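Have a look at this one before I ask anything.
Chain naming follows the written order as A, B, C and D, and within any one chain the residues start at number 1.
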């Protein structure tokens, strides 16, 4: 009666004791390159991984979620993923202190990634803080499809704008925005978004960052009648659908909002699906 | 040496003593993307209620030292979709299912039981009585012997006579043995010990409760000593009752200590979030631990922590040094 | 900005809300080798009984995830030596002392109270009622409202009318608010919340209980969510009663969350073992936390986690962002 | 009314975030050299320190106790202590993995040390496993007083005999003993003790190791009428006298055994004080 384990199927979630191959500082953030061949091979932009944190006997029992920032997949055994860590509480601080050769238990790829356009259209990618991380993996895929890419990277201060240098290669053009004016335009990413949409005749917006920012972007996108996908961040205990902690109100076809798991139905949603004001 | 891992929970025979915990493995589909869930003794599914339920608003969780609080509030699809989608899938997948049921009135438990009579793949019911009892001043059923017993009686009456019923008890009581006696007298065939411990976390920034529901259920390794104590107490008072032990199990060694305390089977709950592969690993590690001690049957270690049940204890302890 | 750290526990004014917890700081001499104990609000001394006591055999402790179990069994020198040696030393040292008393019969508590009437330096009594009640089937006093109230009544009758009495409650009850009401009605001027949670650890090698006493009291950060919940529940039910909060406090931030939950003062217990300097550090960190929020009086943060007591909460929350 | 804090007195216990200056392997053990000037300056042989274990957020909340193995005190700021770590559970494993420049929180010196003879007599120092660690600090002090030192170092297997090389300098002669015969005499330290006592006309025995070994040594010492001090090991939660977990039955002048705290009254006791069979 037993059918073969679904775990052997293509939906398999991999759990790997990944070696830290490299670490680098990027402003307020630490980028970790992890050897995670199977995850790298399966990952799509907008998906995420979860990492165990702490040593033997740690009291920090839950995994931490990180967007997949970059992927190198050689086809062989050498696939790697990059994650961008913003040191915040105990777990992210621990991760940001990892050194080369350390091991980190990584699980993924998790969640639904961004949908990419069939046609080579202009896209605006908007990131706030470490929310910019997944946009670079996405940009690679969009570029391969011939899309034109404008990036808007924002942060409270200059050191919290992620990917300034990388964006030169990843995007056709980039607008930097800081709230305190220490870099680029003074203000918020939404202050420059409409201009970018118009300037490049954008057909798609992709956004990741704090919920407030995503809500504001959604509003602008709906007004501008441009398709917009957002990658949301909800506190997650499991990251793969079994705990029901990460829910947010998502409207179904009947427009009725229901609490849906961000980790398996998301983290990427079409902006009009999210009931922002509940 | 081959180790017998099959256990007999008062007539309910499972090929493996390691189970999932209600609410920590949904209905199996997600976990099956991590490991082959047919290797488990059974899936205990998330507590289901009659109607679809949205549960509590977020935030629904807070990490605490070696533990977590949750206030999911029994979000779920309701019994009909649960049967048609989840139980059908589990039955096709070939996993024995212990269906957990929850309600806020006694008659809801009875109705849930009736609906599950002809459901596929259900080998037992787990009755989650840690719900607010709307019939009686909003106290939790599991907190007082009489309401707890009433629920179990109703379920017993509505269930096929040969379907085992496990009552899942709350540790938040003055005398868990008293509650255990009450539900067993009311017809429970076995007990699941323990549900979460009521707790509260306060955000040090806002100085407000982290959970929108204010309080939540504490789970994980932090509560392991409480779970072991409850199991040990109840086992001492009820030498024959099958017990499913749950609360902070993370490893084969933990499982072993739960069996020694008096559990006949073990559920892995919160640790699934920490290590999605945990149920499979715990089961493998448990078999290895037994082998290393020269124990050929998992049932031999049950109750070994009780001075008055030193079944084969010499063999175990000596082989273990 | 100078922060006022003085608190008024129903007439008992302490210069600092940070105290030691009974049984975790002996009678102060040892801690005074680490930091200047006169900086504390008060020392709560280890529960003393009438006669000298050897306590339980070893092993008396087990480390558990983010916590520990102990089964010391109230080892101590007896009330006479306690008064002549410990209290005299503390009084000379100039540390306000809250003397914790324990017994197994109601009359013992009364007798202890009488002996302490003229003892030096005692600013309040803490009544540890988490002891087996030998008058009544060996249940623990703190577990049922009536025996708990009887002890407090006896202490109240034997104590000088102006000596504040704190009843220390156990979390191992179905309804801690019920017990709180009972002891307050019986004359308790304040409450200490919480004592340890009953737990059990099993040695994965021998499969026997680690503690010679089988079960023990769970303490440390693992139980912090339980302590916060008990404090929050009792505060909601008894808006005016002074509460000393205890259970897993490790830092100024923790202390702040205890105050927000409803405590008026905080004891540091197990964390003294982890960081002997903890009480001094917690007190410094708490002052810093308050300063950083622009709060000039520690009493302002008390109860802030309760929607219905948002005293000055705007100031705190806004300054805090 | 306040008298000056006793913490300013000579009984002060220091608590230091000590830097790991060096680590080395010694058979099954790891020796850590810690910069701990104030502890080094105050320490006496037989005393111990406690160390915090684990990173931020660790669930291992209790300190671990270690005998002071060696001390270098320059009089200036450079004082160090050495501890010998036997990896056992999570805490000692974590400590054994420390690398140079890591920090370890150390508290000490704790407990009562060994009493040393006034006269330059012959002494036998008996260590089992990592119990040998404190004997080397003791040997330095005894040697400075002109004592003759015989060491008996035992262990289950060769890698568990600690201090083989060091003993060449520290002792006038050394007997090595292993239970499995992989090194030195096959058997237990008690098998060679009486012979050593007689050969060197020993006037004092110092012993540290498992309780069973200490009990057996005590019996032999009493029979031989040689003064014997033992450093015991009881599970400790606090290490400085406040928790009452570390008690063992010690006979008073009235010969009645009472439960006494090993951490402050010990860990060193005269062997006849210990009620071994309770």
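Here is the rule we go by: contacts are C-beta pairs under 8 Å (C-beta built on N, C-alpha and C of every residue); 3 or more make two chains touch, one makes a residue touch a chain.
Bear in mind that the values here come from a model prediction, so they are computed numbers and not experimental data.
The chain pair with more C-beta contacts between its two chains, of A-B and A-C, is A-B. Per-chain Cα centroids separate chain A from chain D by 54 Å.
Annotation: 34 Å between the Cα-based centres of chain B and chain C. Between chain A and chain B the centroid-to-centroid distance comes to 35 Å (mean Cα coordinates, whole Å).
Distance from the chain A centre to the chain C centre is 47 Å, each centre being the mean of its Cα atoms.
Of all residues in chain A, those touching 2 or more other chains are 57, 59-60, listed in ascending order.
For chain C, the set of residues touching two or more other chains reads 65-67, 220-221. If the chains shown are joined wherever they touch, the resulting network links each chain directly to all the rest.
Partner chain C is touched in their complex by these residues of chain B: 64-67, 69, 143-144, 172-175, 197-209, 214-215, 218, 220-226, 228-229, 232, 248, 253-254, 256-257, 260-261, 301, 304-305, 313, 316-317, 320-321. On chain B, the positions that touch chain D within their shared complex are 65-66, 221. Of all residues in chain D, only 53-60, 90-91, 93-94 touch chain A in the complex they form. Residues of chain A touching chain B in their complex: 1-3, 5-9, 11-13, 15, 52, 59-63, 105, 107, 234-235, 237-248, 258-259, 264. By the touch criterion stated above, chain B contacts chain A in their complex at residues 23-26, 29-38, 46, 54-55, 58-61, 63, 65-68, 70, 72, 75, 92-94, 220-221, 270-277.
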